[in-house]
Each structure stands twice: as C-alpha cells, then as structure tokens.
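Common to both upcoming complexes is subunit A, partnered first by subunit B, then by subunit C.
Our next item is the complex of A and B:
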C-alpha cells in the first residue's frame, strides 16, 4: 500500500511537471498581457514536432534537438505576438478578442501540422531507456529526465525573474503597465518576450513528453485544458501558484486513479477545479479575484 | 419601416423549402437555422450580459442526450422529451451559473465553464451502459406525427420545426432586449459595480439569463437528437461546437440581434461549401477567425462595409416604400 502510494506520488510529480511548465507559461501571459492564450497547446505540439524532426530527420542528439525545438518555437511565438496579437492590444473588446484570435491561431496551426506532417502519430525514442530504482520504486530514465529538466528550468526561470533586469521589467509590466512605461520600460517588447518565453516553456514540455506520448497534431488540446485548470487553481497570474498547482494536480490525479478507474481521472481533476472555484474564486494561491 | 427588413427575410426563409426541393440543400438550411438559434441563445449570455462562457456545448448536448435516452429507454414522446431536455439543460445552467456569479474576468469564466462542459463530455463517454459512449447512441426515434404532419418522410417538416424554434428564440431575444431584464443585462455588461449600485440584483439576473439561455440550448439539442438520430459525446458535447458558436457570434457581431443569425448562416454555409478545398478547410477557417478579429473586431454587422451597404439599401427602401405610400 505504502509502496503503491509512493509510486503514484512519484508518477504524479512527473505528470505534474508538465502541467507546471504549461501552466506557468499561461500564467505568465495572463500576468503581463491580461489575456488567455488558446494557442498555447499548439506551441506545445510544435515543440513535440520540432524535437521529432530534429532527432529523426537531422539526426541531432536529443538534448540538442530539445534545445533547437525550444528556440524555434520561441521565435514562432514571438512572431505571432508581434504580427497578430499586438495589433489588438488596447483596442475595444480586449477581454474577448485575444481569446478568439488565439482560438483561430490554434485551429490554423493544428491543421497546418496536419497538412504538413499528416495524421500519423510519430513515435520518438526515449532519451534514456534504462530503468532506475528510486526509494524502491522503478522509474524509467525518461521520466526522471522530465522531472529533473522541469525542476531546473523552473528554478532558472524564477532566478531570471528575480535577478535580471529583463525579469524585473517583466514583473513591473505585470504589476502596473502605466508605471512601467513611465520608468522607461518598452512594454511592447516586453509583451513579445513574454509570449516568446511562454511559448518556449510549452515547447520544452512538448519536447520532453514527446517520447512518452507520441507526437500528433491534436496533442495540445488536452494539455491546454489541464494548463487552464492549473492556472486558475494557482490563481491567475501567479507564477508560483501555477507551478505548485501543477504538481498538486498531477499528484491528486494519480492518487485518484488508485480509487477510481483511469477513465475518471479527468473528471476528478475538473471537479476539483470547479469546487475550488466555488469556494475560493481567486484560486488556491492567488490574492486577487478577477 | 423596420418591419420591412424583418418580414422579407422571414418570407424568404419560410418559402425556401417550396422553392428548393433538393434534400441536401434543405439539410444545410436546417443546420443554418439550428446554429442560428443556438448562437442566439449563447449571445444572450455573451453579447447581452457580457458573460463569456465557453461551455455552451454542454447544454446542447445534455438536451440532446436527455431527450434521446428518455425516448429510447422509457418511450417518452420526443415532443415531451424536447422540453424535458430543455429543463435538464437549464438545471445544469444553474449549476454552471452559480460559480460564475463571483467570477468577473472573461477568461476565468471561460475556463470554469469549459471545465464543467468537459466533465459532462467525459461522464457521457464513460457511462457506456447508458449513453453507449463513443460507439454512438443510435436508434433514436423520430418525432411522432403532429396531426397530419408526418416526420418520417422528407426533411421539410423538420425544416419548419427548426424554423419555429428559431423564430421563438429570436423573438425571445428581441423581447429580452426590449424588456427591463434586457436593461439590467446591459447594465451588468457595461459595469457590474454600477449595476449593483443602481439596485440591479446581479446574481438573480445572471441566474435568470443562464437558465433561459441553457433551456434554449437544451431545446435545440433535443431537436438535433431527433433529427440526426445518432449521438456521440464528442460530436454534441465536444469543444468543436463551442468553437463554431464563437466563430458565428464573433463574425456576425456580438450583442446584436442579427449578428448571430448572419454569422450562423455564413459559417455553416462556409464550412459546407469549403468542403471543396478539402483538407484546407479548417486551415482557412482558423485564418478567417484571425482576420475577422484584426479587421472587424465588432463583427460583420457593425463593420463599416455593411453599414455602407445598409445605408444604400435603406435609401432604396425609402424610395420604394415612400413611393408606395404616396401613391
């Protein structure tokens, strides 16, 4: 029983790592631009495809392919912001228009991927196919890598936000846009970089998870919804909240599977989410009600 | 002479099945009217009240499943099932509405309602012994004959049935827009705080509009079930329906009476006739959404092009009508 519990908690941490990465990206965008990015799942999907192409077409080392995937998607998402989103900024209807435009981008990218790479599910070999024993639980190397990379990236990202000038201006823009402009922050470029970073986090998750779930044009949708849930659970705009909520949701889902069959896994997590909204609309860690 | 611009499209829509015999075209028109009614019911929430929900498919699907299952299992007449489905949907509407009372930001509400809709989809998928899951619920009976009108042959009776539902929905939306309720809704849309301060009972009004909107969606869902005769969770409870509704209302024009109708016809016809371009269909669809948001953020109805056209038609109408009344 204890062994089983431990096993579920560890696998919960691992799926939580991907939720945290995706949720953090969504939360970052909400924090600075006050918008929801419906195309976030497609950046995750593009990350998966970029890794697949880098690995099996160009024969890159997995680490290099993952890095390339992150960079490529970062550029794509910067371009998306600059060319499409920024023209809508501060126009009337800003509460709904980004939601709809990113919905359009999402449909577009999904079907572009379908057109270019076909509907076949692409399998990517494990980065590390050996099995390790941690605390008496057997885990594949791939899953350990995911957890380690996610933790490192999240830590680096936090340090980046806290210690660098870029990070400061990002947070300043999130806190108060007018004040940020007054102290000379170019908020237009901050918006672009926010989008880029958020896309990079999603692509990283996509690249890391590609070997476990095979790559396909629709892989972004379920994870996007999970990302939304994580984002709201953690309190919209709270980065730490999203990360904590990501891990919490991963563990809660996996513990739920011990008592119910796995088909009900998503029902558990969405119900949890609705209950939290009911009793604490600002999210578990958020200070502000939106 | 506003009745003029309402009456003529109505006469055209009412007379179409007489002119067009092709069952395929009638089918497309049925879908157009159905989506117009559904988009109108969502517009009550998003356009009239400013509550951007993203889970309207749940009401549609619940209505469809309730009516279908009641008819199959208990032999309840689809006519009654239609209404029961509507009530089931409005019950869900209240459940969805309550957590949305305290939420204000559009994305928050969108995510919350999406979560609830996804729950209903997965539940329908998992309760295989009731809904048959993704295998599809088949064997749904058609509407029993209504007097001399039989629903077994041809699609024309279905056309008139959905036409009536469409008229009811539009009339209700029109009535709400003119009523004190409509004013309360508009005040909530413009500013919740201001609405509260002038004495609008915001939670009550929100629950009322959630109930009405979800009832209508459930009713239309019931129609869909007894028309298409096969249901799967992903087709009636899935996100794609919601995406279509967003496209229709946004392209047509949010918060206007005509917007959702024009949008529904445009998008339905477009998705049907874009089948020619095959795999590029959805690609174009996504691009159109993006372009609409950038160049006509408030929709087609209020865009400068249409206003210019309606200026011209208004001018022509004045000549025609003026000419008739003077002679």
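Our next item is the complex of A and C:
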C-alpha cells in the first residue's frame, strides 16, 4: 500500500510537471496581457513536432532537438503576438477580439499540422529508455528527465522574474501597465516577450512529452483544458499558484487512479476543480498575485 | 522649459481639452486649479505621453514630446506621479523605488538616488522590505514620489498628491515637494484639490474649466481674485 502510494505520488509529480509548465504559460499571458490564449495547446503541439523533426528527420541529439524546438516555437509565438495580437490589445471596445483571434490561430495551426504532417501519430523514441529505481519505485528514464527538466526550468524562470531587469519589467507590467509605462517600460515589447516565453514553456512540455504520448495535430486540446483548470485552481494570474496547482492536480489524478480505473482520471480532476471553486472561488492562491 | 502649445485632447469621440496652453520655466513650480472633471488629470496624462493630443504640441527644452512613445519620456527627464499612486503593490517598497531608475543613465546612479529618496522620506527606509500594497496612504504617496525621483527627472508632474491623506501627512508631502524643488532644482507642475496649499508653493497658477484655460497668472493674483476665492479657496 505504502509502495503503491509512493508510486502514484511520483507519477503524479511527473504528469503534474507538464500541467505546471503549460499552466504557467497560460497564467503568464493572462497576468500580463489580460487575455486568454486558446492557441496555447498548439504551441505545445508545435513543440512536439519540432522535436520529432529535429530528432527523427535531422538526426539531432534529443537535448539539442528539444532546445531547438523551444527556440523555434518561441520565435513563432513572438511573431504571432507582434503580427496578429499586438494591434488588438488595449483597444477600447475590442476586449474579446484578442481571444477570438487566438481561437482562429488554434484552428489554423491544427489544420496546418494536419496538412503538412498528416493525421498519422508520430512516434518519437525515448531520450533515455532505461528504467531506474527511486525509493523502491521503478520509473522510466524519460519520466525522470521530464520531472528534472521541468523543475529546473521552473526554478530558473522564477529566478529570472525575481532578479533580472526583464523579469522585473514583466512583473511590473502585469501589476500596473500605466505605472510600468511611466517608469519607462516598453509594455508592447514586454507583451511580445511574455507571449514568446509562454510559447517556449508550452513547447518544452510538448517536446518532453512527445516520446510518451506520440505527436499528432490534436495533442494540444486536452492539455489546454488541463492548463485552464490549473490556472483557475491556482488563482487567475498567479504564476506560483498555477505551478503548485499543476503538481497538485497531477498527484490528485494519480492518487485517484488507486481507487478507480484510469478512465476516471479526468472526472477526478474536474470534480476537484468544481469543489475547489465552490469553496474558494478565487482559486487556491487567488488574492495574492505575483 | 516645458511648453504646452494649444493642445486638443479626445477620449474616443469626446473632446476633453480645448486649446490648452501652459508654460513652466526652469526651476519653477506651477499649479493647475479646477473642479472635478475639468481636465486636470487629462492634461498631465497628455504631457506624460499616456494620451496623445490630436492637435497642438508639447515641448520639453525644445524637444518635441508628443510624438514619442510614453515609455521614452522618463529618459528625457519628465516624470508623472499619477493620481492614486499606481504603485506596484505586490513588489516591496525597495523594488518599487529601484524599478523607478529604469533607463540606463538613471540605473547607473540608482544607489545614490536611493540615498536621496530615503533622506527625503526616512519613513520609506523603515518600510523597505514591506509590500507596497500594505503601506498607509501617506507612505504610498511618499513611495510614488520617491519612485518618480529615482528616474532623476528635471521635471515632475504631480497629480493630486494630497488626495485622501490626513492633514499632518499633507504637510509632510508638501514640505517634501518644496524640498524637491528647492534642493534638487526640479521644476514641478502640480495638480491639487487643496488650492490653498497649491497656491502657497506655486509661483504661478492656471485655472482649468471644462477643458479650457480660463485664467492664468502669478499665484498672488489668483489668491486675490474674488472669483477664485469663491470657487476654489472656499472663502
């Protein structure tokens, strides 16, 4: 029983890591641009395809392929923000248009992927196919890599927000756009970088999970919904909240599987979601923004 | 130093300012009086670049400001302390001040600027590690003024610095504004509900009514004018 519990907690942490990465990106965009990004799942999908292309077609080392995937998607998100979203933001009376356009981008990217790469699921080999024993639990190397990379990236990202000029500008813009402009922050460029960073986080999750779930044009949809759940659970706009809620949701889902079959995973997470919102409508970390 | 030349400003289709002109000289303190909704805040927001005039121009030391993006203005030496403070409430007091020294030339001197701000407002030093959102109203106002000073402005725009403050704090804030003007040689354009105080520290005043400048002259003339006494000084 104890062994089983430990096993589920560890695999919960691992699926939680991807929820946290995806949720953090959504939360970042919500906090800074005050908009919902429906195309977030597609940046995750593009991360998966970019890794597949880098690794299987160009024959790059998995680490290099993942890095390339993150950078390529980051550039794509920056360009998307600059060309399609930027001009729609902060326009009085145009409040819903940024979010409608991301819905369009999402549909476009799914169909583009379908056209270019076809509907066949693409398999990507594990980065590390050996099995390790951690605290008596056997875990595949791939899953350990996901957890380690996610934790490192989240830590680096937090330090970036806390310590760098760019990080401060980002936080300042999220807290008060007018004041940010007055101290001299170019909020338009912050919007672009926020979008880029958010896309990069999603692409990282997509690239890390590609070997486990295989790549396909629709892989972003379920994860986007999980990402929203995580954001709302954590308290909208709270970055730390989204990250903690991501891990919590992963663990809760996996613990639930101990008592029910795994088809009930989503039922468990959405029930949890409804209950938390019932008890704490502002989310677990709602009042305290970052 | 600062010249506002007949600006017309709109919010969407609604015109808020008509043909507003102002002049503030080097080292001078000027004030704008006016009732709620007269366009005082709009005037300051336009000067600081948050709004752009549809006609007219704004110059600081002969440099045209109104065609520049708002985020460039702090590096040209102009800084607005906005109405309602607009602090970064989830950052500490120290972080709020440090981020005020944002553009490179101010950033190099930020330790020195920090010293001067804490000399001006010793209270802020005691609150350094506290989140700005947990400060009292007066301390928040000090922090907002301090943040603007960190950018080493030559020209400070102050929007309602005494709004909602207890009388003794109003004294402190006005004392500080005078010190900023006298010791740091910063020119000031002040918008203030408290016309008594404003006219006491300002050399010249403008009266703004429904988006038009209706009177301008030395503070003494404004204080002596029967109309202004009745409308703004409550005499």
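Heads up, the rule we're going with is that the second predicted complex is superposed on the first by the 283 of 290 C-alpha atoms of A that agree within 3 Å, B and C clash if a C-alpha of one lies under 4 Å from a C-alpha of the other, contacts with A are read in each partner's own complex, and residues count from 1 in each chain.
Convention: a contact is a pair of C-beta atoms (placed from the backbone, for glycine too) under 8 Å apart; a residue touches a chain by one contact, two chains touch by 3 or more.
Everything numeric in this text was worked out from a predicted model, so none of it was measured.
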| item | value |
| --- | --- |
| Partner, of subunit C and subunit B, that touches more residues belonging to subunit A | B |
| Partner chain(s) touched by A:145 [first = subunit B, second = subunit C, both, neither] | neither |
| Which superposed partner A:78 touches (first subunit B, second subunit C, both, neither) | neither |
| Subunit B versus subunit C as contact partner of A:208, first or second or both or neither | neither |
| First, second, both or neither for A:183, with subunit B first and subunit C second | second |
| Which superposed partner A:225 touches (first subunit B, second subunit C, both, neither) | first |
| First, second, both or neither for A:105, with subunit B first and subunit C second | first |
| Partner chain(s) touched by A:92 [first = subunit B, second = subunit C, both, neither] | both |
| Contacts of A:175 with subunit B and subunit C, given as first, second, both or neither | second |
| Shared subunit A contacts, counted only where both subunit B and subunit C touch the same residue | 92, 289-290 |
| Residue ranges of subunit A touching subunit B (in the complex, touch as defined) | 30, 35-36, 84, 87-88, 91-93, 95-97, 99-101, 103-112, 114-115, 221, 225, 228-229, 231-232, 236, 263-264, 266-267, 270-271, 273-274, 277-278, 281, 289-290 |
| Subunit C-touching residues of subunit A, taken from the complex the two chains share | 92, 168-169, 171-172, 175-176, 178-179, 181-187, 288-290 |
| For the subunit B and subunit A complex, residues of the former touching the latter | 46, 52, 98-99, 102-108, 110-112, 114-116, 118-119, 122-123, 125-126, 239, 243, 246, 250, 254, 279-280, 282-283, 285-290, 292-294, 297-298 |
| Interface residues, subunit C side, partner subunit A - complex | 12, 48-50, 69-75, 79-80, 82, 86-91, 95, 99-100, 102-103, 147-148, 151 |
